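In the two complexes below, subunit A is the common chain; its partner is subunit B in one and subunit C in the other.
What follows is the complex of A and B.
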């Protein structure tokens, strides 16, 4: 691999990180909020797929891609609120409900999404941040979708709000000790319902990115498990919104490795390179979860931690 | 639920048959028992029938058959290559009275089509891949297959005259013989009109993985390819990505022309309706269906998508000439040809339907990429 080829791979990985990371980021942020409140919503894959379908349908029927994004968020909000409400009932396991909602969300999306596979909907426009470069590859890699920045801003806001606001404190308290929250007069179920609903909204917006920007069309194989992977990224990011962004970027960059290595002629062993994101996640997960302090970062009320 | 009803029905059916041993229905040669009743064709698809790809190609053909008087078409989509397909086929037979089952996905064949065919000897089964074995498989089953690489060759002929960088990008799913043959045919087609043309291939490793397909198309364009084509289940994402990057594109399986109003050149398409009409006619006449149909341009089982805005006049002329050649069975693989590791893999001239080509396990010289 000579100098310029290394450069091509590097550009492709930066481009891949920017292009592919956004849905992971939104789902991971939504899941972080939900898990911070003490509940796990494994159904976000369903929110992601339904969000993708609703966004595409919304953009197609209204002609406005941003309205589609909003509708996708609302569809996620409804699914999240349903999950939150059902988990409030006695003796209900949130993980089992989450798995049910994963199938429910994707099934709903496939059922109502049929008529929207063929038509072409208006897509979200990118911001050409690579305008300064005469190299078309750099210019292309730096075509950034506004939702990418919304995701980063959201992460910073969540990080700040969880640490510094009264609402953030309440969410963390219900997540760490439901008993103390009740003692403070906080309705644990209401907080969790809201956290799950808002988390669902974010995952729906992540789905909108898939169908309205990259890869940019609605079909039934669109997500191929990205929502599930993003839920795993939350554990990998130790329930920290900022680390969720890093994790999503890393995952996007690693995903671009396989195709870009083949494009410069390193084509042996592409199955291995295509598996790179998962291998990477596994290793960092093992490394990060081994530390003693890692146990303290898990919200105490999670059924994982109990 | 479904499984239970089906199995109860089959028990009843077996019981009846045992009681009425020697009765005409079970004693007649296969395929004739229902010859007088209306013709019902049941098609099973592995994905959505409007996926801009493999399934759509079949569904388009079934839509044409719906217009034929006396033919009823039933379809089921998104049927996975598991026991689910056996259940779908059984319910088409038992509940809808299907006389012919068209199983359109590669993984349906073994064991599902073979086992179901043994269980229902009066019903015909045809599977869309050359897997039927005359010695071991039931006589009421069979295969049909088209050599799409001929239409990819035509794509290559046109692409060779449309590329400015002389690099054609190919997004491929898995390195199986039919995919490799399509890649090699694009190369040979392109070289016939542009000796400097090369093909660069990226394997995604899966039949349907939209995000990685988009990444692969982007990587090929970044590497300098200015015509993009593919062999994945649903080429929608690849063609759209090429169009949005300003690259030209050639389609695969079904027509993707509407997705690329500026850069579409032409595309390799199946013409399954030719085969399906043969089946429907034979059923109507009460004749035996052929167990094995293989076809290409010479027997009207392929077509190329109507030229798009990306095709230059010279490219159209050359591609039309190539189609005429293929109709006259002009060979694509004319030896000696080397693979991209330098070994001679084809020594003489191969007929376009030579069974040796079905085992293709190499990329020809001029293709950048590796199958491992």
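What follows is the complex of A and C.
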């Protein structure tokens, strides 16, 4: 591999990181909000896949990609609210419900998504930030989708809101000590329901990115577990929205490793490199399970922490 | 109107209300927890609510706070009847409560905890203006807590102070404190109660304190009310009434088994020796740090300390529940590993705190729980694995009678027993054989008077028979009553050891505070 090839790989990985990270980012931010309120929603994979399908169908039917994004978010909102409602029933375990919702969301998407596998829907347009460069690789890598910036803005907003707004403090309070929240007259179930619903909305928007931008079509193998990986990523990011962005970029870069090596003609070990994000997830889980400072930062009410 | 504005108007802020309950009655199914209780707390007084566990004190204050709806009875605030349906109503009326467990949110800072507890907390919090207001509030208060650190980093004493500060910050002038000093050193307790007493005398607050410590009631309270089994059994002037009178109102005419006498013993050899024990807590910080201690035969060594200074970790290490990072344990100069075979060989027995959690399997039967020490030995087992329920049941029956465990049958799950009976069942199991070393942690926590006396006399009997007893207790009075020597644990290490006759409450208290 010579210098220019290394450069191409690096550029492709940066571009890939930006492109692939967006759904991770949205799901992870949604999960962060949910977990900050003291509940785990493992079903966000379902939200992601259903979001992808609804976005594609919405965009195809209405002709507007952004309307599709909104509809995807709403489908996630509904799934999240259902999860939140079921979990507030007595003796219901949020993890079990989450797994059920993962299957439910993907199943729903496959069922209703069959007619949309063939037709072409309007896509989200990227912003060509690489216009200054004559290098086609750079221009290609810096085609950035607006949702990427929306995600970053959302992360900054969440980081600010969790420390500086009444709602932020109430969410952290319910997540860390439900007894205190109740003593202050806060309805713990309501806060968690809303946090799960809003988190579900974000995951749905993440799904829209998959079908409307990259890879940019609707099929049943679209997500391949990205929603689940994003949940792992939240633990890695220690429930901090800003760190979620970094973690998503890292996962995105790992995901872009295979295709970018292929772009310079290295196809040996292609499947192995494609598995990079999964291997990364595994190692992150092992590392964070051993980390004692992660144990300090985990919201006290999570079933993980008990 | 913001809190700061209210606080700057002393004529509103300094009016302490009076509170009365009239004929409060609360039932849970068949059980009457509170039976026609009327109490009167004068404006600006420091009132003690006394009673044993289960006497109905908590039920009464929870009815006042609106957690429970009373079946009958009314609450009068300043002579007017008030309707309180939820803690929020109570808060709006200026009635606030400090619970036994903390209600502060660990991950929020003290400042965040205070601001969010306000009913009118703004949707967007402008910390630039809030922080100076909070600092100004702190300056007016008798005790201070750092504002910018997360509550999880505060000590138990600081948390308790912050709980009280929160009530004052919320303009609550009728304060209900539920055993507020259980997590404080004697020095801190005196400081907090003394300052609250001064505020009450100035007419700024009225305090209703649930307590079972007569020393504090005599030192700080003006008046008291006693409950027993849900009924009012007495009330009066705390300074005029004697401790004997108050305790008679609390325990009634229950017959209490005589306490075992402390037999005089000659100098004997050390049986249990802890040498430089080190262990970590869940987050990898040192929980106990170089603990050295010797316990001789026929001696009770009491470890005093404020909860959370490593006592639980020490007991867990000795029980084999927590890995030992460094150091050795010796029994009769032979190395001891906290595992089943060594417990058996060295005749080490234990009564950990919360026995239902630490020494019993809640859903297994009383008989099975009582057999944990001997189920794999004859006559309960042949070949070490074939168990026979017959002898197991007979042995349990015998222990149940001897230790007066109240249970419907040996086959009922141990979790159905009351706290005192679980304690007795575990004690029966642990003391039924010959005991060389006995490790006891908070043996009387949450028990009624009769059980307390009985369990303490059992411990004393073991000492008199020559066992080396290590007693870990957060109740200083218990340590003072039982111990031959007192050790104080502070910051994970033993900072002070003294024979009981050469020390006193104040010296121990100073070492508990880490001085």
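What we mean here is this: the second predicted complex is superposed on the first by the 281 of 306 C-alpha atoms of A that agree within 3 Å, B and C clash if a C-alpha of one lies under 4 Å from a C-alpha of the other, contacts with A are read in each partner's own complex, and residues count from 1 in each chain.
Everything that follows uses one rule, which is that a contact is a pair of C-beta atoms (placed from the backbone, for glycine too) under 8 Å apart; a residue touches a chain by one contact, two chains touch by 3 or more.
Bear in mind that the values here come from a model prediction, so they are computed numbers and not experimental data.
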Fill in: Combined model on subunit A where subunit B meets subunit C, clash or fit
fit
Worksheet item: Counting only touches as set out at the top, which of subunit B and subunit C does A:34 meet: first, second, both, neither?
Response: neither
Discussion item. Nearest 10 degrees is fine: what angle do the Cα centroids of subunit B and subunit C make about that of subunit A?
Written reply: 130
Practice prompt. Check the residue A:299 against both partner chains and state whether it touches subunit B (first), subunit C (second), both, or neither.
Written response: second
Worksheet item: Does subunit B (first) or subunit C (second) touch A:145, or do both, or does neither?
Response: neither
Discussion item. After superposing on the shared chain, does subunit C or subunit B touch more subunit A residues?
Written reply: B
Worksheet item: In the superposed arrangement, which partner chain does A:169 touch: subunit B (first), subunit C (second), both, or neither?
Response: second
Worksheet item: Looking at the overlay, what does A:177 touch: subunit B (first), subunit C (second), both, or neither?
Response: second
Item to complete: Please indicate which partner A:269 is in contact with in the superposed arrangement: first for subunit B, second for subunit C, both, or neither.
Response: first
Discussion item. Tell me the contact category for A:185 with respect to subunit B and subunit C: first, second, both or neither.
Written reply: second
Fill in: CA minimum distance (subunit B, subunit C), superposed complexes, angstrom
36
Worksheet item: Taking the contacts subunit A makes with subunit B in one complex and with subunit C in the other, which residues are shared?
Response: none
Fill in: Interface residues, subunit B side, partner subunit A - complex
47-48, 50-52, 78, 200-205, 208-216, 218-223, 233-234, 236-237, 240-241, 244-245, 258-259, 368-370, 372
Worksheet item: In the complex of these two chains, what residues of subunit A are touching subunit B?
Response: 8, 11-12, 15-16, 19-20, 110, 114, 117-118, 120, 137, 140, 210, 214-217, 219-222, 224, 226, 255-256, 258-260, 262-265, 267-271, 274
Discussion item. Quick check: in the complex, which residue numbers of subunit C touch subunit A?
Written reply: 86-88, 91, 99, 101-108, 112, 115-117, 121-125, 127, 152, 282-284
Fill in: Residue numbers on subunit A that touch subunit C, as the complex places them
164-167, 169-170, 172-173, 175-177, 179-181, 183-185, 292-293, 295-296, 299-300
